[in-house]
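First chain A sits with chain B, and in the next complex the same chain sits with chain C.
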Partner chain A sequence: MRNLNFGYGISRPRVINLDNNDLRKSNAIIAEMPELQACIGCGSCTASCTAGNLTDFNFRRLHTAVRRGEYQGAYEEINKCMLCGKCRLVCPRGINTRELIMLIKRKLGDF
Partner chain B sequence: MTFFAPFTIPFIIGSLVMFSVLLVKYILWIVRLPRIDKRLILHNIFTTKSLMAVWEIIRESLLHVRIFRINPVLGFMHASLAFGWFLLIVVGWIETIAYIGGEWVPLHGHVFFKYFMPINGITEHIWFFEQLMDALLLIVLMGVGLAWSKRLRSRLMGMRRTTKHILFDRIALTSLWFIFPARLIAESLTAAIYGGDGFLTGSIGTWLSETLPSNILLNLYEPSWWIYSSLLGIFFITLPFSRYMHIITEIPLIFLRRWKLKPTTERKSYDRFEVEACSRCGICIDPCQLQSDLGINDVQSVYFLRDRRYNMLTLKVANNCLMCGRCESKCPVGINLNTLRLNSRAKRRNIPYEGRYRYLRGMDRSSGEGRIGYFAGCMTSLTPGVQRSMESIFRAAGEEVWYADKEGGVCCGRPLMLTGETDAARKMVAYNTDLFRRHNITTLVTSCPICLRVFRESYHLDGIEILHHTEYIYRLIAEHRIDLRDDGRTFAYHDPCELGRGCGIYEEPRKILNHVGHLAEAKHNRRDAMCCGSSLANSVINDAQQLRIAQRMTEELEATGCDTIVTACPLCNKAISRVSTHVPQDVAEVVAKNILN
Partner chain C sequence: MAKRVVIVGGGAAGMQTALELKSRGIEPIIIERDMDLGGKVRDWHKLFPSFTPASDVLQPIIDKVRSSRIRCLLGQEVKTFAEDGVILRSEEHVPADAVVIATGFSLFDAHRKQEYGYGLYHNVITSVDLERMMNNGRVMLADGTEPRRIAILHCVGSRDEKVCQKHCSKVCCITGVKQAIELKQMFPTADVFNFYMDIRMFGPGYEELYREAQQRYNIHFVRGRISEAAQTINDRIQIKAEDTLTGRPLRMSVDMLVLLVGMSANRDNEALAAASNLSLAPNGYFQTKDSFLGAVQSERPGIFYAGAATAPKSLADTLAEASMTASAVERYLRDKYNNR
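Take a look at the complex of A and B:
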């Protein structure tokens, strides 16, 4: 039965796996910056990103993953950021994205 | 003469403690200076720079000329305390010599001369010195009186707010306040018993001897000198650990500064001289927009320096500063507040991991060919109108231009520096320097004052002239390479912090705007201009707070009744556009629209 394919089905939980993901750091980040919960995922930060223009760095994807407790490779990835601050200027929800980057770095190992 | 009495002991202990602590501190700080700074001292110590320093010490440590410029009453208060006390000491020495000749007299013999002089049977008072010493005491007492009234009503001295002091400073402050009234009482009682001609102590003495019976006078005599000596002792012991450290520390600081030492992005022991030379006068509080617009009361430079000095600086205080430089331009001691703030941030561990910014290797997105390089800057890519305007200006002037970051460039590194990641910023500096060198440019024009400042201060671009676009455009106008039409508009120009106070460029944008129309000045302009609030240096305040600062700043510009608000920084431009009904324009945009050729 398992191998039968009807062309549709229920997809396995792809990303959010609360059995594996430890949300402690994620919760600490949101506790320090509650406004992050106002993010609508519009991607303006990624669209305006200086580093994103030069590499495959994607800030929206990154902070979404971190919020879900997926920290694998996030620290290395976030170090591509040059902190120029354009993402903060374009954020329609007025999230202090530049501080968010530093906050994630602080929580995930740096400093 | 022996010049000893038991009441001098508190004073002797106090002054011994003070001088030994000062000596240890200064020697340690000098010894720990980096070698390059020591070489600077040796190189400059026997030059006219030292004489200039002496002159500056007279002007600033004694007369407080810079504070006079901020507010005459405030200046008089500081000058009467500092210069008055200094003269009391100097004239006191001369007075001793006048009475007893060249004989060696211990320090407390000079300080308490009025006590020792009558006891030792010298009844012949020298009238001139009596009057002079009384006059000086009166001047100092006037300073103390002003200091008292400043605590009650600081607005009298042009200060909306004064510093909130910690307990230790309050102890030192209280002893200082009562030193001179105590001296007045002690000397008056002495005059009441032994006689004196002084117009102040002498008259009070005569009045006392007439009103009080002599046995009471004799009982008050010794205790009054004990009180005076104890207050001096307390003040001297607290001095090296309190705000009054500035009295002495400003002297070595002025010498070191004249010998070309300055703070850098790395902490060093020179910083200690600057930090401890802060008198916590609180002049930096009023200019701070975080204070006046947002009511944040614990992050201003005076509190930042205090926290740093006593090792209680938190990240939040260090990071909560726009670095607009408004306080720095007002600081009467001339402390490099922004640099100290920066290297406090850099103290956090910021060693970038090996592979960081490896993607920069071999990257070159530049386009065009020419001796002139144009670096728009990250922020300018959010205001593409500025970039387009610059292109049309270059075309009109017939300039061959190499565009460094038209197709996406690498950040200048200053945002990283502002957050304390100095090491990481070096990779940007190295990358961009190499890029500019590879394309053999001789002039670098940038539209972003943040980039401009870091190019000038932290890059080594010898042989390449670094210009902000306003400087460049003004040069084109002066050389008649572009002609502009007068479109009759009134412009209000907003001075960006990094361009004005940061790089000292105030006049070029104004001259350009005068070519195109009329210029209206906001209430705060040039060195005094307000910050737009969007500064990258502050990572603590939130969006609503940024907006409020921008609003207050823009209101002043709109109050000029101008047709157009103009600025020269893409970041300020964005901030104004969020709060104003006007559409702010960049100087480059105004020029590009009015080019005739």
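Take a look at the complex of A and C:
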């Protein structure tokens, strides 16, 4: 019975709802690295990303979602990063993106 | 005998052009529709990017116009242009050797973007309303309380074919950054979100201020245009947009929505252009003779432009252009009367 397939399911809403999202972790990340807010979404980090050239890892989109309080799947996603640090070399706003990845891991992970 | 120049418009552009002409020994006459000099800047509280009080810039100019005894015809409008001057609505003929059109712009009427609820919901205001509130000494919600969450929407009446405003108003991006910082200074615990399509930080110190807004003031910039605003049951405003950098729809409620209204071509341009036989650019502003070497000249010799009559301009641009216009007028008058 449990595996009965009716051919349809419930879609989870895709909307980012800033009224309901718990922004505490997001605020803690920004408080520790205020420079993250200086991102202008240019995509240099994603373009230079070693992992992003091999998988669908997109660091720009990921950290933007985390800032909006969308944490689900973010920790698993961020583990695709190999910490090569190329993104940090190219960021025009001088954001320490490699450190940011470590910070997000720390805040969203269990350690 | 001193040459005489009629200046149409007594705002920043008109007054500064008058002062520049006066210092060149030319007699200016300002014709202003309002009963006061000063134009749109009078409503402004502080100026970007330095937060200089607008009155610190405007008042010395007004004082100087008065102390230089420049003739100002207040409450008067130009009806038509004659060969040797202009004719006012009062049928008075004002003779002149040249004319400067410094009629500025009209504010975009935010009511036209009905989906944002300006005039319908209490706490949807424009950037100009916010400046007036700051001038009056207190920014607050309609019920007198302080906002805890504020959204600022860029490009209202700019870059929008739906309201026939295809052009960029140039100054709203930096105004949005300035006002976001001012709101954060007034309400440090409030969250401020700027919704933008593009951020255009073209001037000196602008990009630096943008970064300060992001990094030091923790102002959130979301790339996406708000599609609609609706009032919630508890009198807040719900807004919807796409967070284009994550590719997902975004929804949130705020206490206050500030619409950064753009600069439209002055709504009297058409009548003035017809009366003076000048042409308008497709965006409704006056068409200059040339973008480079004729930027303050019209297609007709003897008629010049200053300020936002030809395009959206910042106050700094306008004041700089006034000198350019005065030089061009002086050169024109010298050539005209030496050749005689």
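In this text, the second predicted complex is superposed on the first by the 94 of 111 C-alpha atoms of A that agree within 3 Å, B and C clash if a C-alpha of one lies under 4 Å from a C-alpha of the other, contacts with A are read in each partner's own complex, and residues count from 1 in each chain.
What we mean here is this: a contact is a pair of C-beta atoms (placed from the backbone, for glycine too) under 8 Å apart; a residue touches a chain by one contact, two chains touch by 3 or more.
Owing to the predicted nature of the structure, the values given are computational and were not obtained by experimental measurement.
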item	value
Chain C versus chain B on the shared chain A, clash or fit after superposition	fit
Chain B versus chain C as contact partner of A:76, first or second or both or neither	first
First (chain B), second (chain C), both or neither touched by A:8	neither
Partner chain in contact with A:34 - chain B first, chain C second, else both or neither	second
Which of chain B and chain C A:17 touches, first, second, both or neither	second
Contacts of A:61 with chain B and chain C, given as first, second, both or neither	second
Contacts of A:85 with chain B and chain C, given as first, second, both or neither	first
Least C-alpha distance (whole Å) that remains between chain C and chain B when both complexes are overlaid	14
Chain B and chain C contact sites that coincide on chain A, given as residue numbers	35
Complex contacts: residues of chain A adjacent to chain C	14-19, 30, 34-35, 37-41, 60-61, 64-65, 67-68, 70, 93
Chain B partner contacts - residues on chain A that touch it in the complex	35, 48, 50, 53-55, 76, 79-80, 82-86, 89-91, 94-96, 98-99, 102, 110-111
Chain A-facing residues of chain C, complex	199, 211, 214-216, 218-221, 223, 243, 245-253
Sites on chain B touched by chain A in the complex	348-350, 352-353, 355-357, 359-360, 363, 365, 378-379, 381-382, 408-411, 413, 415-416, 419, 421, 428, 534, 536, 539-540, 542-544, 571, 574
